[in-house]
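In the two complexes that follow, chain A is the common piece, with chain B as its partner first and chain C second.
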Partner chain A sequence: MSSTGKIVSIHSFRGGTGKSNTTANLAAQVALAGKRVGVVDTDIQSPGIHVLFGLDESKMGKTMNDFLHDKATIREIGLPIHELVGGAEGLSKLKNAHIWLFPSSIKGRDISQILKEGIDFNKLNEGLQTTITEFDLDYLFIDTHPGLNEETLLSIATSDILIIILRPDNQDLQGTSVTVDIARSLDVPNLLLMVNKALPKYDPVEIKKGIEEQFGAPVAGVLPLSFDIADNASSDLFSLRYPDHPWSQELRKVARAVLSLE
Partner chain B sequence: MTTDVELIEQLKNIAIFSGLSDEALAAIAQHASKRKVAAGDVLMRKGDPGDSLFLIHEGWLKIVTVDSKGDELILNKCGPGEAIGEMALLDRGPRSAGAVALEDGEVLELSRATFENILDHRPDVALGIIRKYSTRLRFATTYIERAIDWAQKIAEGDYSFIDQSQSLVNAAGDDDSKAAQLLSAFFTMVRKVKEREDTLKRQLEKLTFEIDQTRRKQEFEEITSTEFYSNLKEQAKTLRLKRVQK
Partner chain C sequence: MAGVFDRLNKEIQDKKKEGGITPLDLAGLPPALRRIMRLMLRELQAGYPRLCEIMDGMPEKDRLSREELQSTLTELTEQYWLIRIGDGEKAIYKVNLRRREGSTLMAGIWSALDEKLKNKPEGNINPEGS
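Entry: the complex of A and B
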């Protein structure tokens, strides 16, 4: 078994930029393109991506926390989303895809324990590699906690593709600049930027150009701020449910950029 | 009608007479002639040389001009107590609009000949009118100077005068001269322009991306100087090498 699958980390300097939302939608789009996809929630402090896949606590058994404490194997953790999706209009499109979720524990005790002990890089890495080989994945998406803490540094260090999400303002730009430098210092092979929550009155072409000039890295998509997304927030994937929406169209551009990287 | 208090009050409302004493106004009233008008009567035609002032006593008039198609266009309607054509007493310019009676009524007409005759005998009336004009001109000049000053400041992007000028504009609001109206309209315009400029600036600020490079370097060094980071970097390097070999 050789692990050719790619690890794609989604990161942002500040919270609430749309990481979880983007990760779930990107993973789904890549799965719809015929790839075998895994999604790991390493936002151990505030996990939440399972909700976007229509899963609640009752469906979650073993978690990544159990694996990190040698209490579970990766096999036991993976939840086959394509088998679990219910009648939600968007999510049900995943029925013929291959996509698994590897959730984090949302139990307070597990969370505080892992935060106290810290995560071992080799253990995490071994876990991610095992995930890829066990499930024969083409892509493993990692949703992270915002900011540059130890967990996020770990996920950046291990990724083949790093997607940094930022909002088009100076505060996000400042934080992103440090993340970009870290990614380069850790020799991350592929760096993609993605702008989310862009006010529609600005020219997306100008935003893309301005940010690419600042960082010398490609902006794979400029996704508009839209209240439609916040309205849809509960238990369905926006880009699957509203494929013609400008946000979804721009998100598919990012998915294509990921698929095009060797 | 010589001592008609109401008439004197009405004359006082005419801008050029507003500085005159009651006694002077009574003298003017004495020389004005009462005239009956019937509905449809034309008192003034646009473009005609003006030679008298009318003070409406009874009934309503319409002030008219012609539009580009030659059709009548009503600019205004005037009723009892209002005067029209006052400028004709002082200059010989053509009527700027026509006036037609809307109904039967009565007006008081003061012709320029009569008026000049009064002035010949009453230098105090002439002086009163000149003083009044002089004051109005002084105010107008102040307002216009202010407007010029503001225009220059706006050109330089300096809007600081807005906060200091509100009271002046409020005072001008009590003055019904055209110069005061201009200043007040000008002021409103400047505030609106500034508002729009502020909104525009906000948008532009967001689009000019700036990074504080010193802070960027500092934060980078803070993170990378830890033992955790150097270990991580080593481990990541080994890992990548392993992956390439596979």
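Entry: the complex of A and C
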């Protein structure tokens, strides 16, 4: 099997950076650029990205947990978001796009089963690669668990592009340096940094410059801290609903950076 | 009577039990071994001719010679980080990632949790408990 689609892993060393929100919005922007896009939730212990696509358990059906336990094929798991979008103003813009979600289960029993029985990483990797070939994807976005665990390392090891999200905060900066080191040890071909929740009183150009110097990697966007995002409460894809908002404009820069990488 | 598929499947399962590499170990491999392992993660499985074809398509600085490729495959196979199925030119290689074991919490804790969850109606996890 040979997969030509690109794997984009989105990672943050700490929680609360806006990783799932960014992943969903980036994936949507890339889909709107005419690409076939998949989004896999490998945050099996605390899944959540499905909410941003307007889904709850009643609409989810089979999940990655079923695939890992040989109870479903990848073909059965992929949810065509473009066909399922309901009334949400932002999401409805995906009607003519091609974007699938491969969710993890939000049933307590399924999560405890994974914790109890462990994970077959050969099977997880097979799932990631198969999504690309089965759905003929151009891009597969992987929403990872924050911090470093084995699922995260596997997704980093197999990715073409790694986006590390950080806040301009000393704890995030230290954690990011660990992730950058590991990404380099794993020969990830393309590493991008994205700053989120930057305080408006600081100059984004200076933030970008400082972080690029510190890590020796490009910063694809500096997204401002915004109460508007908090107010959206994951009820819709913010960058689609409010395309002129400064956060959305900066996010589209990150999407363009992803699309520009060979 | 067991068929060829059954025999090969048993061979794979036996070899998987003997080891495997963790995603973290990949970061500590020498460059040539890591290159092949990364490549195999994407391919899932590939024969020697296919690996040669991929090598030939790589930039020269990343390319392994046929001798280097052969010795790298031998080393990875000896460590059971790759599993070789079959012999000679028709051999197929597959990545062997080590399974993450489950929690070592006492079994009683899991059965108690199972019981609790079985009695709850299916639905979203609600941290408010309502």
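Simple rule for what comes next: the second predicted complex is superposed on the first by the 257 of 262 C-alpha atoms of A that agree within 3 Å, B and C clash if a C-alpha of one lies under 4 Å from a C-alpha of the other, contacts with A are read in each partner's own complex, and residues count from 1 in each chain.
The rule we apply is simple: contacts are C-beta pairs under 8 Å (C-beta built on N, C-alpha and C of every residue); 3 or more make two chains touch, one makes a residue touch a chain.
Please read all numbers here as calculations on a predicted model, not as lab measurements.
Asker: Overlay done on chain A, so just call it for chain B and chain C: clash or fit.
Answerer: Aligned through their shared chain, the two binders clash on chain A.
Asker: A:158 in the overlay: touching chain B, chain C, both, or neither? Say first, second, both or neither.
Answerer: both
Asker: Does the superposition put A:170 against chain B (first), chain C (second), both, or neither?
Answerer: First partner only.
Asker: In the superposed arrangement, does A:210 touch chain B (first), chain C (second), both or neither?
Answerer: It touches chain B, and chain C stays clear.
Asker: Have a look at where A:78 lands relative to chain B and chain C in the superposition and call it first, second, both or neither.
Answerer: So A:78 meets neither chain B nor chain C here.
Asker: Which of the two partners, first being chain B and second being chain C, lies in contact with A:38: first, second, both, or neither?
Answerer: Neither partner.
Asker: Contacts for A:182 in the overlay, against chain B (first) and chain C (second): which applies, first, second, both or neither?
Answerer: both
Asker: Touching A:224 in the superposition: chain B (first), chain C (second), both, neither?
Answerer: In the superposition, A:224 touches no partner, neither chain B nor chain C.
Asker: After superposition on the shared chain, which partner residues are touched by A:201: those of chain B (first), chain C (second), both, or neither?
Answerer: The first partner, chain B, only.
Asker: Just checking: does A:56 make contact with chain B only, chain C only, both, or neither of them? Give me first, second, both or neither.
Answerer: second
Asker: Can you pull the chain A residues that chain B and chain C both touch?
Answerer: 2-3, 121-122, 125, 150, 153-154, 157-158, 182, 185-187
Asker: Considering the complex alone, what residue numbers of chain A touch chain C?
Answerer: Going by the criterion above, the answer is residues 1-3, 56-57, 106-109, 111-112, 115-122, 125-126, 129, 150, 153-154, 156-158, 182, 185-187.
Asker: Quick check: in the complex, which residue numbers of chain B touch chain A?
Answerer: Per the stated touch rule, the residues are 203, 206-207, 209-212, 215-216, 219-220, 223-224, 228-229, 231-233, 235-237, 239-240, 243, 246.
Asker: Can you list the chain C residues touching chain A in their complex?
Answerer: Checking each residue of chain C against chain A gives 16, 20, 22-24, 26-28, 31, 34-35, 38, 41-45, 94-103, 110, 113-114, 117-118, 120, 122-125.
Asker: In the complex, go through chain A and note every residue touching chain B.
Answerer: Per the touch definition, chain A meets chain B at residues 2-4, 121-122, 125, 148, 150, 153-154, 157-158, 168-170, 173-174, 177-178, 181-182, 185-187, 189, 199, 201-202, 206-207, 210-211, 214.
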